[in-house]
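Shared between the two complexes below is chain A, which has chain B as its partner in the first and chain C in the second.
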Partner chain A sequence: MNSTSARFVPSKRMGICEPMHQMAMWDFKGNNFLETSPPSMFEIETNLDNLSEDTSHGTVGPSSKYDQEASKSDDKVRRRLAQNREAARKSRLRKKAYVQQLESSKLRLIQLEQELHRTRLQQGQYVGGGIDTSQLGYSETTNPGIATFEMEYGQWVEEQNRQISELRSALNSDMGDMELHIFVDCGMRHYSDLFTMKATAAKADVFHIISGMWKTSAERFFLWIAGFRPSELLKILMPNLEPLTEQQRLDVSNLRQSCQQAEDALSQGMEKLHYILAETIAEGQLGEGNYLHQIGSTIDKFEALARFVVQADHLRQETLQQIYRILSTRQAAQGLLAMGEYLQRLRTLSSCWSSRPTEQT
Partner chain B sequence: MEKVVKLASENGILIFSKSTCCLCYAVQMLFKELGANPSIYEIDHDPAEGKDIEKALMRMGCSGPLPAVFVSGKLVGSTNEVMSLHLSGSLIPLLKPYQPNMS
Partner chain C sequence: SDRLPTAGGSAAPPPENSNSTVRELVAENSVVVFARKGCCMCHVVKLLLHGHGVNPTIVDIDEQNEAGIKNDLSRILGGGGVDGANSGNSAAVPQFPAVFMGGELFGGLEEIMGAHISGELVPRLREARALWL
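After this line comes the complex of A and B, so read on.
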C-alpha cells in the first residue's frame, strides 16, 4: 500500500495546495500521519489484541490470522483514504468559495469607486477649473435654473471625458466582461443623468435648451431638438462595433429605421408647433406697440416645446437602451467609447475653430 | 369611462387627441408613416364630454394624458409608450391586423 507518487493534498489550515511527495507514508496499520493524530494507546492495545486473537470465528474469511489482520488493515486504509478524499474535496470547495468572494469584492469595489465619483460630482466637489469657457457657449443669463444647468453640464462634460479615457484603457486591457459591464452601466447612467438635467432646465428656459446655447458651435450645427439625432448616431456607431453577427446587423438596421420614422414624426410635430408659435406671437395688430396681450397662451405653447425636448430625449434614451440590448458587453463598451469620442471631436473642433488666428481681410 | 371604452372597441386603432396638441399630431404622423390609418378623436371638439374623457384617460394611467393610443380596444399608452414600442419593433406587429397593405 505504497503511494509515493507526488500528490497534492490541501493542508487543513490555509486551503493552499502543497505537493506531498514524501508524506504518503502508511504505517503497517494503514494510519496516515498527516490527517490523523497518532493512534491512541487504547487503539494500539486493541490492535495488538486483534493480532493475537484466534481467527476462527466460524465466518467465511481468510484462513490464517495474518490474512484476517491484513483485511482489517485494508479496511482501515480504505477508511483513511476515504476520509482524505473527503477532506481534500471540502478544502477545494472552500478555496473555490474564497476565490469567488474575492472576485465579487473586486467588482463591488469598482462599483463603489464609480458611485463615489458620481456623488462627488453631484455635490459639486469637483470645481470646474479646467473647463474651457468656450465649451459653455453663451451663458450670460440671470435665470438661476439655467445657471445651475450650465454649471452641472460643465461637470458632466468633465466626467464624460474621464469616462471616455477609462473606457479606452479598459478596452485595451484584458479586462473581463463582468468588469467592463460596470463601466458600460456607468456610461449609460451618465447619459441618463444628462437627460434628467435637460428636462429640469427646459422648464426653466426651454429656448435656451432647444437652441443648444449650452453646447459648442459645432454641436449646434448638428442639433436635432436639443441633442443628437439617434439614427445619425447609429450610422456613426455601426463600423465601430465590428464584428457584428448577422442577427445583430439586422437588429441595428431595424432600430435605425424605427428611429428615423420616430424622428420624422417628431420633426413634423415640431414644424406644426413652430408655425403655431409664430402665429401666436404675431397675433393682434403689429405696429401698435402693445405686445403680448396674449402672453398666457404663448406660455402654454412654450410648455409644449418643453414636451418635445423631453420626447426627443426619451427617444435618445430608448435608442441607447435598445443598442444595449442588442450588443454584447464588449460591443456596448466600444459603442459608448465611439459615441463619446465622436461628441468629443465636435467639442474639440469648436474650440479649435474659435481660437484659430483670423486672417486680415 | 363608457364613452372611452365604447370608442376604443369600435375602432381598431384609436387616438384621443387635441387639435392644438402638436405631440398628438406627431404621433398621428408616425402611424401614417407606418401605413396605418388610425381614427382620431379630438376631445376639444367634444364640448360635452371632452373634459371627462381627458380625466378618464388620466385615471386609466395614461401619462400624457394626450395623445392616448388604443389598439384592439386596449390602451397602449401615450407618446412614450408608443415610441418605446416602436423602437423595440413591437408596434408594427400590433398594427398589422388593421392594415393589410402595410410597409
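After this line comes the complex of A and C, so read on.
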C-alpha cells in the first residue's frame, strides 16, 4: 500500500530503488484523481534529471557513489532526497484527503438513498402490497381515511422488510459506526412515521385502529392498545443485544420496569373508559326503543379512545428513544434488526396459518 | 353516574371565582392536576404519580367552573404568572389533564409519561418538593 512512502532508502540501494520510487509516485499522480499539480510533475522531472545527472558521475554501484569525496555531489544527493521526501509527504497528504472525501461521499450517498426511498414511499410510488385483504373490514371501503391508511401501511411494511434486509447485510459487513448510524436513524424514523399514520387514521375510525384490523392475525393476538407492548418487546430484544455492559443491563431493566408501570396505568385508564362507555350506552331504561340520546353521548366519548391510541404510541416512541440512548450504534442496529425480524415472523406466521389447507365440512 | 373510586389524592373544591384561588392552589401545592370530571387520562396521570409515592391535588373541572378556571389558568400562564419563569409561555390554556409541578406548568399525560420513561420525572418531583426521599 505504501508505494509512495518516502522511506529513507539505505544508501547502497539508492541507485536502484530511487527510480522505482519515482515511478510509484508517478503512477499515483497519473491517475488524475487529485488535481495533478504541475509542481509535482516538475518535481519528478527535476528528480529524474538529478538522477540522470548523478549517474553520469559514475556507475550505479554502491561503492562508487560513496567513494566520491566531492561535496557537490553529496549536496545534490541530499537535496534530491529532501525533495523526494517532501514530494512523498505531499502525496500522502493528498491521498489522505482523497480517502476522507470518498468516505464522506459514501455516507452522503447512503443518506440520499434512504431519503429517496422515503420520498418515494410518501408519493406512493411503490405498489402497495403485503396486505392480507381478507382481513379488511367493511369500513375500509366506506372510509377514505382508513383506505388511505391501509394503502400507506402496506407500503410501510414493504419498506420495513427492505430495511430489515439492509440492516442484516450492514451488520454482517464491516460497516463502520458512522454508516450504521444512518441506518439506525432511518429505522427510528420509520417507526415514527407509523405512529403519525396511526394518529391520523385513529381520527378517521378509532375502532379500525384499536381492533388491529389492519394487522395480521398473529399480531392481533399480541395486541395491546393498537400495537406492541413495549415491556414485552424489551424482554424479547434483550438477549439479542448482547454483549451489554453492566450499566446498560441495569438501564434496560429499569426501562422495562418503567414501561410496565406506564402500561399498567394506561390499561387501567382504558378499563375506566370501557366502564364509562358501557354505562353511557346502557343508560336509561332498556326496552323503550328510544335511544338516540345514549348513542349521541357515547359517540361523544369516542374521542377519548383515539387519545389513548395516541398515548400508547407515544409510550412506544419514548421507549424506542430511550433504548436508543442506552445502546451503542451497533447495538441499536442489532436491536432494530431483532425487532423488525420479530414482527416479520409474526406476519409470516399469520400468512402461513391463513393459507393452511382446511378440511371441507 | 358514579365514578370509579380514585386511589388517593385530595380533591380540592373547585374554585368558585377568584384568580387568586387557582393561583394559590398552584403555588401552594407541589403537584396539581386540572382535569375534567371522570376523565380517564387523568386517571392514568394519577396512577403514574401515585406509583412514585406522590399525592397530587386534583382540581375537578365541570361545565360550571370550566370557563372560570381556563381564564385563571391563562392569566397565570400568559403574563407574569405564579413565578416569572412562565412569562415566556403562550397565554393559551393547556389541554386537560394539565399538570402543574412546583408552581409551573409541566404538561399533560404525554409529558408525564415521557419524563417517566426517560427518568426525568423523579428529579423533577424532588425539585417540586413532592418527594421526600
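Note that in this section the second predicted complex is superposed on the first by the 244 of 361 C-alpha atoms of A that agree within 3 Å, B and C clash if a C-alpha of one lies under 4 Å from a C-alpha of the other, contacts with A are read in each partner's own complex, and residues count from 1 in each chain.
The working rule: a contact is a pair of C-beta atoms (placed from the backbone, for glycine too) under 8 Å apart; a residue touches a chain by one contact, two chains touch by 3 or more.
Note that this is a predicted model, so its numbers are computed, not measured.
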Chain C versus chain B on the shared chain A, clash or fit after superposition: clash
First, second, both or neither for A:Glu279, with chain B first and chain C second: second
Which of chain B and chain C A:Glu166 touches, first, second, both or neither: neither
Partner chain in contact with A:Glu179 - chain B first, chain C second, else both or neither: neither
Which superposed partner A:Glu318 touches (first chain B, second chain C, both, neither): both
Which superposed partner A:Glu158 touches (first chain B, second chain C, both, neither): neither
Touched partner set for A:Glu341, first chain B, second chain C, both or neither: neither
Which superposed partner A:Asn254 touches (first chain B, second chain C, both, neither): both
Of chain C and chain B, partner touching more chain A residues: C
Which of chain B and chain C A:Gly269 touches, first, second, both or neither: both
Residues of chain A at both interfaces, chain B in one complex, chain C in the other: 254-255, 258-259, 261-262, 264-266, 268-270, 272-273, 276, 304, 307-308, 311, 314-315, 318-319, 322
Interface residues, chain C side, partner chain A - complex: 1, 4, 38-41, 43-44, 47-48, 51, 109-110, 113-114, 116-119
Sites on chain B touched by chain A in the complex: 20-23, 25-27, 29-30, 33-34, 79-80, 83-84, 86-89
Residues of chain A touching chain C in the complex: 254-255, 258-259, 261-262, 264-266, 268-270, 272-273, 275-276, 279-280, 283, 304, 307-308, 311, 314-315, 318-319, 321-322, 325
Complex interface listing, chain A residues touching chain B: 254-255, 258-259, 261-262, 264-266, 268-270, 272-273, 276, 304, 307-308, 311, 314-315, 318-319, 322
